[in-house]
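Chains: A, B, C and D, in written order; residue numbering restarts at 1 for each.
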């Protein structure tokens, strides 16, 4: 039984107030799995560019839940029958859609996990919560994994126009100060409708959808793929790579780490690991930004030159130089940069930690397949690319790729011979 | 020598853009001492009430520097002679005014330091920076410590209407979503003037000043002294108290801590310590929120019941119950709460960690002495209390006191006999 | 019968969207009586101080209706039974509460009507609409005139915390740019509750109420009673006074006016006139700002020196000088001003049009009697003055009086002898 | 000589404050020609869609002057030499760029003037002011008409990225509540630079420029060319057409109008008229929205069925039905609509007033020729179409055309035989 005087209203600068509408949602918000999201920033290292971008996945998930409530009301007000169980399930599903995120999610997924996406972990955690809550999340899970027959619920959770994107563009815009990220979510949501079980946008909402697509495009160049963030993230990846190297070379005591974090540092964890060994999921639910930052701070004092140098640079925001290009970099350029680092005295076996090549794409922000459907006044449903006079709808949803190379411009006290 | 292409413009959601006006200011912003402020939240544990309140002292200090620039322009445009050296010094002084803050400043000052205020540490760090920058901060330091003869500079740095308060009310309002905190700093700054070397506000700015005082009052009750923040802070104080107890009982390895943090956990550090042993100041400049959070996370797994329970409660946001009163609590009530905890099986020697009495006041937010002066159209200068028809000017600047008691409502797995 | 595709959503910069919830409300919005409010500015001549303050009573009334809808939802969500008929009636009543306003309401009421308040005219028009809508407004009228037994509805329409004030402070703040007028109406509304049939505010809303009272106080000094508005309004009063004088002297063709306006210019109209002669109410429903402005423009070319001078001054924003005081002005001062005007050549019989004394109070913004009730956590209901530690609650609701004198500083082409 | 205590700061909700920087600018703002702009709404009849869109050309012109001041500071801070005379002249030119607008500018230009653009009238009025101010506006005029050799000044006044558009998108977005109109003008202005005398945008501002172009496109469909505005405007054009018809049929007393307005109603006025007969320009400087509204109100009572019906419909916001299409309408459709009106009893000679065909384009919002130039990091200057990966730059600046037909759906009391 739930206590009657639960606090159910939260302040939110983006929407004014967020009301937690049911006891079950309240209990999920209170659960340690969800509270962990307080300790995971939405935008990772973007704070190095936008000092205000410190908001968490906790806040974002609540915001998305709030917008889902608005979407439910809108659809009901247009005569579509949605039960209160469905409403709650949709809000649960969006509340928990990101619960499988770890700290610095992109970094983590690319270094410490082996082909395990945060969606898969979200699903594992939702099943675990469903067990703890005696099956109360079953409908939400079906909406989340796309097996519920009323498909529009899944679209509201994960598609071009889902409540996830609606909230994060607004929220990231608010906290970074990039005002162009604001998307008038309220307006788009008011234009949502159903044709059968398909989510559509009323024709008069086309301009708002175009604006939303444009805002998204602007945000990924201006924020999500900002070169300084890419650079800091590359450095963090090198840090973790070096820590794992040291662990594997010199044994488990070679570098400091919390027990949970150590589990993931020691070797890449697979989906099978998560499914067969409960301790991985347990450890994951204790993992957050602080595990990583505690290591960075501790490792800055580590005797290993590579590890300590990179960590101290991150702490002091002495970042690598970075160059971006639409083409892969010529071998000559990379050779020249290698030579530069050589001249600074850097041994060859350390080179790969201080000179990093890579690619950045907006793929993470663009759902691959699904389309935005527009409902015309005559009732016909067409693709937005056919409804708009704007030839760039396609461009707005293209995957774009940038090549980058980043490197340490100067290094102090390079050891004569290390290792 | 400074690189020519330094990035000198920052996005700030509160003011749009913040420009760093000079090379010296830029170099100070880049300095590790200042970068540390990126890792210290402005509002400590207020995020437990306002999930968006994650902004840092770094961002606040930049904002205050920005407002100081506006104040300088305003005063110059009214015909007062202010040199570019003075402008820069005033901006340096406000930029660094909070550099002596540690993590969870109030908690730290009350537990781990012995009568050392953050202002004193700020001054120590400014002197150290002055040494590193070959005396370039001398004028800023005189403005900061009040020895510069043109006293209005000190007023702009620390007084009822200083740029510190101007920024933090706006900024805290923005990030918490408590819109009433917004104070129209721009308007007040436009109304600033000088009479001799005294800072005054033009008569037509009275209402804005009243509004500012009111916003400040509202913010301290609604945010700074919110009962849930007080409660979480009390719990953190107990955590640190217990950790120190264990350290002193069982030796330096008894509890995990970073080297810097351990120095302050072992025993209360005094101003003399700082002045006579350089290692204290060095350690302080490496201390930030992450040191504390890393411990809380690690200590949640500690065998000591008190330490692990309190830390896990903080992590899961299972906070104490709290009661507030304008009067001290009756002994009967406290006895009854003690009995409750007893009935949960809590040994007597652990009681003080789970039942905490205390007081909260707005004193930290109210400069004690200085007055706000209003310049009438006839040129006379009078106190705002005489200029306003609002009898509550006094009230708005009163120190108010609340008594609180907070306690654990239920405890799991209390040990039969500990210690 | 209502058409099905009525446009029911309006853009509103203050709240995002305003939805017109029922057919009846929609038909009332469409009615010419209500559409007339599009042509009546909310703040009269305040645009001379705040150039953005051009919003209309039409927009305000819709905003108040929107807030009333939120208040209904809040009270229902707290378990109070409110029927859909009551909801609609409450929204009708607030939608129409200002329908009896004429152009430049204060000026009109003081010059052209004889003791007829806009509330009385609102009631007359609501009865007329009720006739046209076959009694559908009966409940709304009872709520408006205070005869409905559930008294909280009347409180929401007209009291210290009514939806009227909630909207106009927000809206006037938005359009003037006086940010301090924003009052967090959403927050206060969420704190509303009922005890019996009395409207109360939950204890945790005290600070928001204080902030609201303070914002109101600030707005009346900064906007509603701004000296420049007082001055422009005084000039407009002289214009109307002179026009009536000329009409009465020289007959109905002496000055240009629309037929409707002429009716009110010719002689002061009383409540009995309205009740006994239908043509007054008809004329009133055709009266708006344009009638007045058309005259000002036409009269600027009138051969009468007083009328044309005052009108041209208003058009060109060449306003009188004005002095304010908390005390009545000394006879000496007034004599001196009279002499000044004399020296400019102004004949004695024109003096009273160019030298005006008067008083301004905030009385219009302060409901006289009713109190704001706070519901404590223990269920007790007390007055806010007893619930707040702020001694100035009284001050915030005091009636304050300012004496003013305003006069033409220079006059061109004063006629040698007029009349 | 100017009085010393001129009020030089205005509240502006869009930018906070607008400072009028020089005495000459202040005197121009005070001039009756400029004060007239207080009485001309920026968006004409858009208030029928967006009830808050009541802001004036006065406010817009001040806002554009404010942004010009920011542009001057930015360019100076990048090392370009701009004298204080040039600064003032640029601000004068932008302040006065719209001074030749009449009421409901588009309607007026298309009905009452014969091929005279508002820019031509602006220039005439600037020359007249230059005469009155003894040549102080000469440089401003050269900037405005493009004869000043430093061409970037003209670009700032009139080009794709001029301060005019910067302000009106922001301001129209603010007052309509169409948040997508906000364009981060501050950001774009900070990115402005010069190469030689050509205005360019730094490469890192590309996204902001794209966003600006997109916002502009959105605003013209959502606001400037909103079908309801087109419809209301069409009706107003019919009103004026009918009034002129009656005037020409029945003589000068046939319809009410102010003397100034009558001059333009009687016959189409040409540029030669303005140049050769001073009374046209004089009359124009007395013309504003109130002249038109006064007529609409008066004409609603006129015995002519067409005139009174259209005017009353406008007053009561009973608008025509409207259909839009990307193709011209088929003759069949138009015939069918004619028949409908016939069946309502409308005589053939009135048909053209109640059934209107036309086209709407965004041409007014798109400067035809000039390009936006981007300055790459390597110093090269290229066209934005080549700098952006967005293929739709072209689309965003295309002229798009919509055909519309609008008609009265029902008519009351059609006279059996009129005329």
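Following the convention adopted for this analysis, a residue touches a chain if its C-beta (ideal position, glycine included) is under 8 Å from a C-beta of that chain, and two chains touch if they have at least 3 such contacts.
Please read these numbers as outputs of a predicted model, since none were measured by experiment.
Tally the contacting C-beta pairs at the B-D interface and at the A-B interface, and name the larger one.
More C-beta contacts join the chains of A-B.
What chain is the most remote from chain B, judged by the mean position of CA atoms in each chain?
Most remote chain from chain B, centroid-wise, comes out as D.
Taking the mean of the CA coordinates per chain, how far is chain B from chain D in Å?
Here chain B and chain D have centroids separated by 51 Å.
Please work out the Cα centroid separation of chain A and chain B, and write it as a whole number of Å.
31
Can you pull out the residues of chain D that are in contact with at least two other chains?
Expected reply: 16.
What does chain C use to touch chain B in their complex?
Where chain C meets chain B, its residues are 179-180, 182, 184, 207-208, 210-211, 214-215, 217-218, 221-222, 326, 389-392, 395, 400.
Inside the complex, what are the residues of chain A that reach chain C?
9, 16-17, 186-187, 190
If we count contacts the way the header does, which residues on chain B are in touch with chain A in the complex?
Spelled out, the residues of chain B in touch with chain A are 10-14, 16, 30, 32, 35, 38-39, 47, 49-52, 54-56, 58-59, 62, 174-178, 258-259, 286, 288, 290-291, 293-294, 297-298, 301, 315-317.
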